[in-house]
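Next, two complexes with subunit A in common: one pairs it with subunit B, the other with subunit C.
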Partner chain A sequence: MRVLRRGTLGTLGTLALGGFAILALSAAPPLSAQEDAAAAGKVVYDRWCAECHGETGQGDGSAAASMLPRPRDFTQALYQIRTTGSGQLPTDADIRFAIENGLPGTTMPGWPNLTDGEIDDLIVYLKSFSRFFGQGPAPEPLDFGSDPGGGPAAIEAGAAAYLTMLCEECHGLSGRGDGTSAPTLEDWRGLPIRAADLTEAWVLNGGSSVEDMHTRMLTGLDGTPMPSAIDAMNSGVVSPDEVWQLAHYLASLGPREMPPLREVIRVGRAEAGLPADGEEEAWAGVEAFYFPMSGQVVQLPRNFAPAVDGLWVQGLHDGSDIALRVQWNDPSNSPDPNWDEWQNKITAALDLDGAEPIALDSAGAPTARPPDAVLLQFPFEPPEGTDRPYFLMGDAREPVYLWTWDSETGVGAGRGRGLDSVEPLGEDPVTGEATWEEGRWTLYLRRSIEVESDGLDFAEGAPMPIAFQAWDGSSAEVGKRSSVSTWYYILLEPPASSTVVVTPLLAMLLTGAFGLVLVRRAQDRRRDG
Partner chain B sequence: MRSHFWNRSAALLAVAAMAACGGGDGGSSEAADDAGEATPAAAAVDPSTVGTISGMANFGGMVPTMEAIDMSAEAECAAGYGADGPMAQSVLVSEGGLANVFVYLSEGVSGAPAASGAATLDQVNCRYTPHVLGVQSGQDIEISNSDNLLHNINATPTENRGFNISQPRAGITSTQRFQVAEVMVPVRCDVHGWMQAYIGVVDHPYFAVTGADGSYSIANVPAGDYTLTAWHEEFGTQTANVTVTAGEMAVATFDYNAEMMGAEVPMGDALVLEHGTNRIRVERTQ
Partner chain C sequence: MKRYLSHPFWQGAIVIVVSYVAFEWVIGYVLPVIGVASAPVPSSVILQYMLTVLVGIVLYMSADEARWKSFKKPIHETMVARDRKTLRGILMVALPVLIGWLAYQNVRPSYAAPATLRSVHPAPPNQLTFRGETIELTGLENPLHEEGSIEEHLAVGKRIYVRNCVPCHGDLLDGQGHYAPAFNPVPADFTSSGNLPQLTESYVFWRIVKGGPGLPREGTPWDSAMPAWETILEQDEIWATILYLYDQTGFTPRTWEEEGEGGHE
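This part shows the complex of A and B:
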């Protein structure tokens, strides 16, 4: 239906334009090339961009109110992705870069489906929203100098430059966006904005290469608190080479690309016994699996601006017990009154889909400070074939087994029959604890592999479905406003060869990937309204 | 009466000019000295054609109490304040005079000397000095940091291009300009949420900012009829009609009181965020 409407509009637009062109030919002087391009750009824009950026380019499209950051308002010509100085207009190439690549970490997708010509037209049309373009000389890129090269010495020098420049005030010592000023940051609309998590380079708006980050540091990101470092460099606080080294340091903080999606958490046998907590050195040698999380957008109230975007999971077993370590970045150790203002702003900024916002007391403080939380779910009954319960905490027919943790009550277990139906299982033997340090939670969970009283049985060599859910309390995430993953598998490796499970695993891999597609599709559909 | 006022204003002229930070040739010989040469505009003024506008921003009644600012995150800055600690600066009243009112000719100016000299904005003990600055369009604004810690200077105009520059040490200077008139341009530091300044940009040198005692003075105004507008961050704007006669002083006084708190305050293009409902409504106040 949606496609139909778009198609119709698109055709109508083209027809109208065609008519206009004919009129123009017969009567008035021909449209200038610029006007032609703008008119063609409008057709593409109205079809693909207006839903978010709004028909008049003010960033107020029908889908905008549930997003953070909001779509850009083109009328002010505030562009983050530039090669020009702070406050300057972007070059055409800069705008093209943003359209082609999208802005990772936001809802702004890349547009590989558009032709070069269509993007040219779009650029002309986007610029026509703002009176700033066309005034004065064309914007010129800054001189970025040349990269003196990376390597351990450069990274070390870059780490020192990070401290000299006091980047940690916003981004935190770890770079995870947990600096002292982080809870108070606002974009140019007064909406709350995160100091970027520099350890997850793949979600940086302007790209994850050393050059990208170097450029962003010198240009700043207009419309956000991220300042340009150019005057500090020109005043000699750091040298041009040190700014490059700082970019190499940032690039060393984590993987540049999103870790490849893997379906199965392989839980190896710990020969030297299980680690007793999440801090033990032994974990360093254990393979970590990354699972991306997306906002829960299937049931109301939906979450289009999820705070937790991924979890790292590691596992070990010793034949009788299983231990898991789950780590994720969250700049706030909720509940934390330092983040009250942030929580209030998020509550006010987002369309909560009819959910009751957290009320404020007379002094303006929130009346509730939700905890951070994570939940692991497994099928309640041993799975048969590739059948798995509904990924949003099961349903009445097929309940799920839950391992729950939140920063107030700690670890527990429960039986889930859907997102709003959880029944605690008091006698469950799962134990564990979590610690928060410099913007990262480390959760340690432990349980015996086989328990008589329940159906959860991690038999060696038999893959067990597993899915995740997460909440950031300080971002007012409670109940259904969470981050979710699709189903994956956890597999306790038997001591000997593992070839036995290859065939069923392959089958499950396929369905797992399909599950992710489903989540994405559900998300897109909801977003389309 | 008149001459009494004249004396008082003359004595305060330097203060007002300083508050305006050498805005154009607003009568300050210091601005000319700073630029290292006599400004062409100042040289061109024929005293037989110009007069002065002077006056007060008077504050009557109860003075609203300013909230204390929690600067504990920056001990170095907090140490710069007395026992009471730092207070918000939005309403500063001293002996019935209201400081930080930006007063400028909003109508009647035809032609004006080009901007000359530089205006300065400093960051001292995690505050902007001055809190309200007037500049002429195209005039250099030298922004410096006297604190040996990180500030970012984030200017968010709507008629002009903004900027956002970090100054992680004392001694860094950034030079910026606004090309067109805009009253006012908000300036803030994202590291220190309490740091806020306003820059009034007009396309002539006939402006001033009221000093600590509430007085202001605008010199070298060509004889004629004008509208004078006074802008304050809490009390919004007021206007007055003035006639300037060559060689004389015209007086324009603005009256304020606490009941005017919360008035609509025009910003270059203010975005009013309405909480209360789930959605934030963004609208222009102008």
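This part shows the complex of A and C:
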């Protein structure tokens, strides 16, 4: 009874308190417009952003550990993509730009599904994560001056400025992110960060136009080792025009957009004989096909942050042999002790999805330095219809024929029955070699079109399925933690045939003659009638 | 204008142009824009359709004597009239060139990938095995509707989705994740009205559990990079992810009652 009474009293007390609270709330002044917006922004944030950027905005959402670079930590107010000076806060328009366009080359997409109003609210909420916003005057964009124009002379001057400004220390002489400092780079959190590969402008975080490149150079990328060029300009190392010329040079280093995907690699006939290696000039005139690569995210352990994001493939044949050239960008020529620290940092920073991390010895050096590797796969038996083996190196039912290469053992052949089942083929008819120069591997492969001892037969004119995988040893990529592609085709150009010319000519002649006869008859009949 | 519209010859010409535009562009490119699932028509099929249209026009025109006469008149005029000499000359050159070009298109070496036909929603099996446990699919409902808190299930589903599915299917659930360009066929777009609203939750469960490797053999190549998620996720995690997919896109799943009426596409 006593207990009950105390409980009843307690309940009454709670009700009374609750009532007072409701009264107090309804008596309070309405929330300010700013708070309203932040509350609306929180709804958007929790729905779309929180899983990566974290509920408290620290960039530590549940999915963050598998991402490199990590999601932005809004509490630090460190924004890479700005129009304001180095170390300054972004403008609202800058934050909007990143939300609308995303950050190419990272896991941050653009958000066309959000309305302008939702983005406005979201910006208010994002800023509320950091106490830096709202103190002092609103940030102002820099004065970027005006572009003096591009052209070959500007690009040449820009190339000189590239060296004057020491860009190559991180980005490398060819711009592939392979500079001598590249293995040591860290972001503000101490996590490893790649020097941007300037030859693949479509994965640049802040956009790929000349203006984008110029803006990024003037503002720097806060939170990364990328500095602002303003100091160099103020101290007279470079002129404002030279920075614009440098932007033109950077934009000239490669295509702005990802090359369009073409499903069939066309292997032309080499009239003057096949090139003997991957360096020969003849390759320059051969059509190159680009294949984007994904992390292997199908079987455990998965790779959510792959190092190799695409391959270029070229092919030639002479009727008896086929030669392929595969090129891809990789800033490290693994195994390379200069990249030990990088390898350790990647191993520590990434969620390896259950993979065994490479152990360190007592001196802190890795006990293994995996090689770089690439493999090409084909169906083991000539494909029937459009049936193809499983794209991850086949399965027990349907094996795949593998052309393998790694930077330690070179070129070989194998039979794959799944990602962890590769059996080397003793007498392998595939030969070739690879060279690494300024952040790019060039792999040359050669083989007879037809080999008696195995099932792989490149019939001219018949599309042969082909798929790829790649590993960067210095990024601790081994085993299933690779980059992969799905199936494409490779097609050997058949010998020129006369029907291509004769048939259309015959069709034209017949049509013309038929027309003439018709008209003549009609006119004769009219005259007679 | 009206004169042309009422003239059989020009009526025929208009039907031919309109049909070609419909087969070549409307079916393949306009319908997807207004949200109807469709794909470009192969050129050989277009040729067949156009021949059918042509035969239809000739049959219609020749069914009536007067109509047939006035249909033929402009053609005849062009062949004989003195004042149409220039037009005649142009046609006598242009038609053979057109035919020659069409012939060339047919015999020139092709570097296109072999055409593959995919059924986007193949018929599901009646049951599946989840790590050895047999589960009846027919009539199967999402068990999470009946247990626990839906908010908690949605939170789990969202965590699973963002960690595992986003790289391919995208943050916006539109099939445009950052790895999507590397996959052929492209990952499924959950915001499309042709996917989630057409399917029961059990169907989605089957596709997630078995992935690309579990697709039926008939109608290959599937080439789907979709993992068989039974190797990575628990059943409840998959059901929670399905709840999240429908909740975040605002679609409602097909029910077993509807299923009985229609069946899968």
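One rule holds for everything that comes next: the second predicted complex is superposed on the first by the 469 of 529 C-alpha atoms of A that agree within 3 Å, B and C clash if a C-alpha of one lies under 4 Å from a C-alpha of the other, contacts with A are read in each partner's own complex, and residues count from 1 in each chain.
The rule is simple: a residue touches a chain if its C-beta (ideal position, glycine included) is under 8 Å from a C-beta of that chain, and two chains touch if they have at least 3 such contacts.
This structure is a prediction, so every number in the text was calculated from the model and none was measured.
Judged by the touch definition given at the top, the superposed model places A:Met258 against subunit C, while subunit B stays out of reach. Partner contacting the larger number of subunit A residues, of subunit B and subunit C: C.
By the touch criterion stated above, A:Gln327 is placed in contact with neither subunit B nor subunit C. Of the two partner chains, subunit B is the only one that A:Met165 touches; subunit C does not reach it.
In the superposition on chain A, A:Gln80 contacts neither subunit B nor subunit C.
Shared interface residues of subunit A, touching subunit B in one complex and subunit C in the other, do not exist. Per the touch definition, subunit B reaches subunit A in the complex via residues 73, 149-150, 152-156, 158, 161-169, 171-174, 190-193, 271, 273, 275, 278-280, 282. Of all residues in subunit A, only 60, 65, 76, 78, 86-89, 132, 164-166, 169-170, 180-181, 184-186, 188-191, 220, 222, 224-232, 235, 237, 344, 347-352, 357 touch subunit B in the complex they form. Residues 47-48, 51-52, 61-63, 66, 106-107, 109, 111-113, 258, 261, 263-264, 266, 291-295, 297-300, 304, 386-388, 390-391, 395, 461, 463, 484-489, 491, 493-494, 497, 499-500, 503-509, 511-512, 515-516, 518-519, 522-523, 526 of subunit A are the ones that touch subunit C when the two sit in their complex.
Interface residues of subunit C facing subunit A in the complex, by the touch rule stated above, are 76, 79-80, 88, 91-92, 95-97, 99-104, 106-109, 111-114, 116, 158-159, 162-164, 166-168, 170-172, 174, 176-179, 181-184, 211-213, 220-221, 223, 225-227, 231-232, 248.
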